[in-house]
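Notes follow once the structure below has been shown.
The letters A, B, C and D name the chains in turn, as written, and every chain counts its residues from 1.
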């Protein structure tokens, strides 16, 4: 696969490093940057022959099989439309748009053009995520009741991220897009997100965008997908997910506690752990940052899907749904009440009701709880089916 | 200290076990239960000479120095008023009332009577909590921005807990009272809780009360105290707190991951870990459950305060504030919007504004972020004080 | 209980702090130090009326019920003999002696005098230890095969510890005494320790004693008790135990990972975590150091046993066995081979053989292993009872 | 790269799965098995056109660029010599030989033939290992004093492993080879391993080989590399490494605690965690087992080295040194004393002495320790350079 990279910043470099590692067969062919010298530097660093500041030219190159959009958020649409014009497969970094309208236009354009389009939502491709998702789909957690996805760190690397106009928001758009899609996968992509409640504030930085937010996304089956995002966290990069189901629990920690712990007085010469806030004391590096964040697995899925002519796991439609949820979150943060998720184009299930299990204990009672006490006795807590009265009964002393 | 215990159930036994352990000088003298045979059994188990089903008689006993109210929620007020009538020091289990009105009446009664009154909020007395609170008060975390307190397990032991009328609610009143007071301590008890947003649902059990809820409590200084409570959790008892401040982070785990891990095929003969859901496989017991939950430290503070004629760390006023916050949470769960916390009797600070730090980089710019890149280069992200434009600047290559 | 404290240093203060906390009924009455001004300072700090530098006088005081020996190792024997002379109950800090001869003389003296004598081995009283020991005794781990106890930190607080003559050795005598007794409890105190292999070296400090050692203690039933001790560890105080049995595993972490994690930029004003090597970055305090190290539980057992006229869990005999094992360790570190543990006075079981389980699969084969493969198939690995040939057999596809 | 796979069992399948994943450009071309039907099945599963039971034929195929030896230990030498005869690059699984003589013959054969030869020591390629090794080489831990590498699980999957003749031993040869090479890397490959002390026993299984062993490898610079290996562990696969240096500490956990925790009541339908001993309760899967164990990184290094004409990180010479150390371990387990490591062919440094740091405090004293007390005071512990006397001195109150 020959790839054109649009963008030469932090994320473009991360993508390129991933693609050129571990003897993968896909190669980056060319790079575009608005700034020619940045493009040239990037090309030199990754051994590319082609670079430039004319986006269309880079995209239209007949040798290019696929284009990766690794540009600031406000430039995604333009880049995607250029790929549509050139009929080139396109992979777009997250978030897809700054809002659902932008995302919907991109979605419709690629679908109309019939080109392959993938949504580069890396955190839905980490090995921990993929294995726990498979386990959840196999029923090991029963019905999913609640999920929590958290991403918090001391703030992004590039200036444009901090500017609401260019990025579309603050921590919600930057980090919330990950969290929302993680929860959506665990709860089930076919379950409709119905409404959102969100708190957001600018607690620390001299910016207009929010640097801290908490949101609850309610799904049609009663499940809640919670997101916690912050640019005010101290201590490194906090990436954790939790899932509660009727039959089990999943806890994932993708960064600060992964089985790699290190103490150093700091006498060594350099850089130890990414996004760590110090280089001495107890540090918690990850082994292979790009693998831990899901990049290699994501690109494998994308290119395998392209070759097989099927959809990747994360599509532009997913990106659109995420944007629609975040739109509701922004609204809610202002209106201070739950806001509906507006999805003009909904492709999942409809009309699912919140069902509660009513387990009968016998003809007269529902079972609320059965428990074994420390002394070995067993008791049940029951509810009268008619009167609603609640009582306990020892069934073994 | 001679103590009369009102109640003979799960929590009364926990309190008694704590008080009679570790060579403490305070002793339980007598026990009251609505059911004489329960009182008799309790007295036998703990070596007490006095027991009975007449509450006033037990309380008025001249040998009694202090009364512990360990009764179901709907009986707290009656018991507290009986202590007031008898002019006896009273320690009441959590929550103080089923709602703020009830709590306020108890508060006013004990204050008018001039008797010692303590609020038995054990989780604000765990050793981890006390040490982290001291550290936070010493400034190690800077300004507190957000706290999260979580308590989740598969549901309470006694029937009355599951009945909304007797308990005053479900997981919110049972577990939320802990979480709210933990966060209030970290944020600062003098900071006024202003409004609450809460989601609550009955997801699993055949009951009217909520078995799962998430709430955000907003404080006057802009800090958020989040609570997560559930009776639907699978895997044991999940007790975790988190604090984010401008200068640091605290993560506490009080139950499932405390440095005690055990695997067993299950061939041993008995009971291993409390509230564990199985007795084989990987188990995570705590060493000393009562210590881990703060009971001994709580009673020490209560009786030391009584002897010294000062207030304990947790008072009836605290119990009242907690109830007022939970009242707003219940309202919000129904109205689906933020609800004001109604505190007719507020004794803390007023008029605190949410302040944002605007750190000047130089005359022209505010500093948004300073960072050291992997290659050792240093860059700053700045905001123009006049135009608001955001830009980055490399200050060392 | 009225207690005379011999010693006014680090450990004496730790003991006193523990005893005077949590409304315990036992009180320290007096303190002895070789240095009167130290005794006076200690008395002032803990509110004692009596202090002095004449040891016999402090011990012989008729008001004294029990004496705690919290002196440097080379002064234990003299202090214990003075208690014997005064017929006072004596509790001696660890290690009992600098070697087995010294310990044996103390043991014989207290037994001949018929006084109560307790061995203050606090780490055999932590809540985690006590609960896991109970679980192991209940059979949850099957037969114990191997234990490992590890204590490592950057070195002791007082000068005399670093002097081989006064302390009896280095890290082995200081820390190994804990580790050996922990393993002995897990394996079973009635099982005879047979021989020891030990490596020891002075890797870092300009001292004669070892600052790092690893030892293996072999017990008569084939179990191994491993100790790892060091004064060269960087990162705080590492206190971990592991147990492997035929039916299970126990992992205990008593200090650096107990569910209390904290990050701070260091802007607060003071002291956060004991034995931490820094006051910024990620720190791992424990909630209540004295509880986590077993002090309150240890003194409760000692005084309860005294009152009940029974033996405490840790006796002078235990202290003597520990010294005998450490003597063999010192010998082995020099001879570079396994050395016998010389126990002239052995009170446990004798003649236990190392037994191996030979589980029959059927008449022809022993079962080596049964396993379920990822695809659900089941296979067994068998050994021919006659020929000894090993083969595998699929028993379910 | 076209690869011939010799072997079709557990490890061959693991290698093949790794190589054909993540869009890698290297492909397996053919497979050899002693049993044609096994070879045929393997070929079908991995989409290979060529398979067979004639090893030479498979190796000599002109299309083959490299041969992977994934056969039982007693067949390594024969397979390597066949590659030598065919002048084909060879990658041999661990351990290289059953003993140092066998390994040395293989080493000499490939060197004489001038073919590329790599030692497939995967655990020296995990991402955590590689990053911590880089950090250690950069000096962040100072001088390495001690390392511990531990591998323990309930025993291997295939019958031949349990047969001493075919495998060369038990847990020592199976797991110890990993541990020894991990420690050797951390301590420095150029430092000569001098002698070994080892305990080994058959504690549980009806076999002749050891199922549990602990060993200490002493290096010329005084560092100790400890290994702990067992086939008797209950609870899954325990893979942990620790490193202590004068300036820091590293703790790695590669399997049971990697940030993936799951509880399930077991109602789901299938296989959750590899080598877990149950499918309900708390489980600790790893995200991507092959990545966590270092396979992809290992093959990348091997093929990159082949293409660049350089040595891979792990060579046949390394395999030979490991075997020589394990030979000494087996000897020591029998002789019960330290045994010399016999290395007829030593290519590292020689004559390194154990050096101790003697830090001067001033003209008169060496510094033993400097510490800050809880009250902020600072003290030093010193040793007189002439008399050797140790004393403490408060340098700030």
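Here, a contact is a pair of C-beta atoms (placed from the backbone, for glycine too) under 8 Å apart; a residue touches a chain by one contact, two chains touch by 3 or more.
These numbers were taken from a predicted model, which means no experiment stands behind them.
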Seminar exercise, completed: Contact tally winner between B-D and A-D is A-D
Problem set entry | Longest centre-to-centre distance from chain C, chain (CA-based) | A
For this session: Mind checking the centre-to-centre distance between chain A and chain B? Centres are C-alpha means, answer in whole Å.
Result: 33
Exercise. So what's the Cα centroid distance for chain B and chain D, whole Å?
Worked result: 48
Seminar exercise, completed: Note: chain D sits from chain A at a C-alpha centroid distance in Å of 36
Exercise. At which residue positions does chain D touch at least two other chains?
Worked result: 234-235, 247-249, 263-265, 270
For this session: Note which residues of chain D are touching chain B in the complex, please.
Result: 234-236, 263-265, 277-278, 280-284
Exercise. Taking the complex as given, what residues does chain C use to touch chain D?
Worked result: 145-146, 152, 154-155, 157-160, 162-163, 197, 199, 201-208, 212, 214, 216, 218, 222, 224, 226, 230, 232-235, 244-249, 270-271, 274, 336-338, 354, 356-359, 366-369, 371, 373-374, 376, 381, 383, 388, 390-392
Seminar exercise, completed: Residue set of chain D touching chain A in the complex reads 21-26, 126-132, 135, 138-142, 247-254, 257-270, 272, 285-288, 291, 296-297, 299-300, 303-304
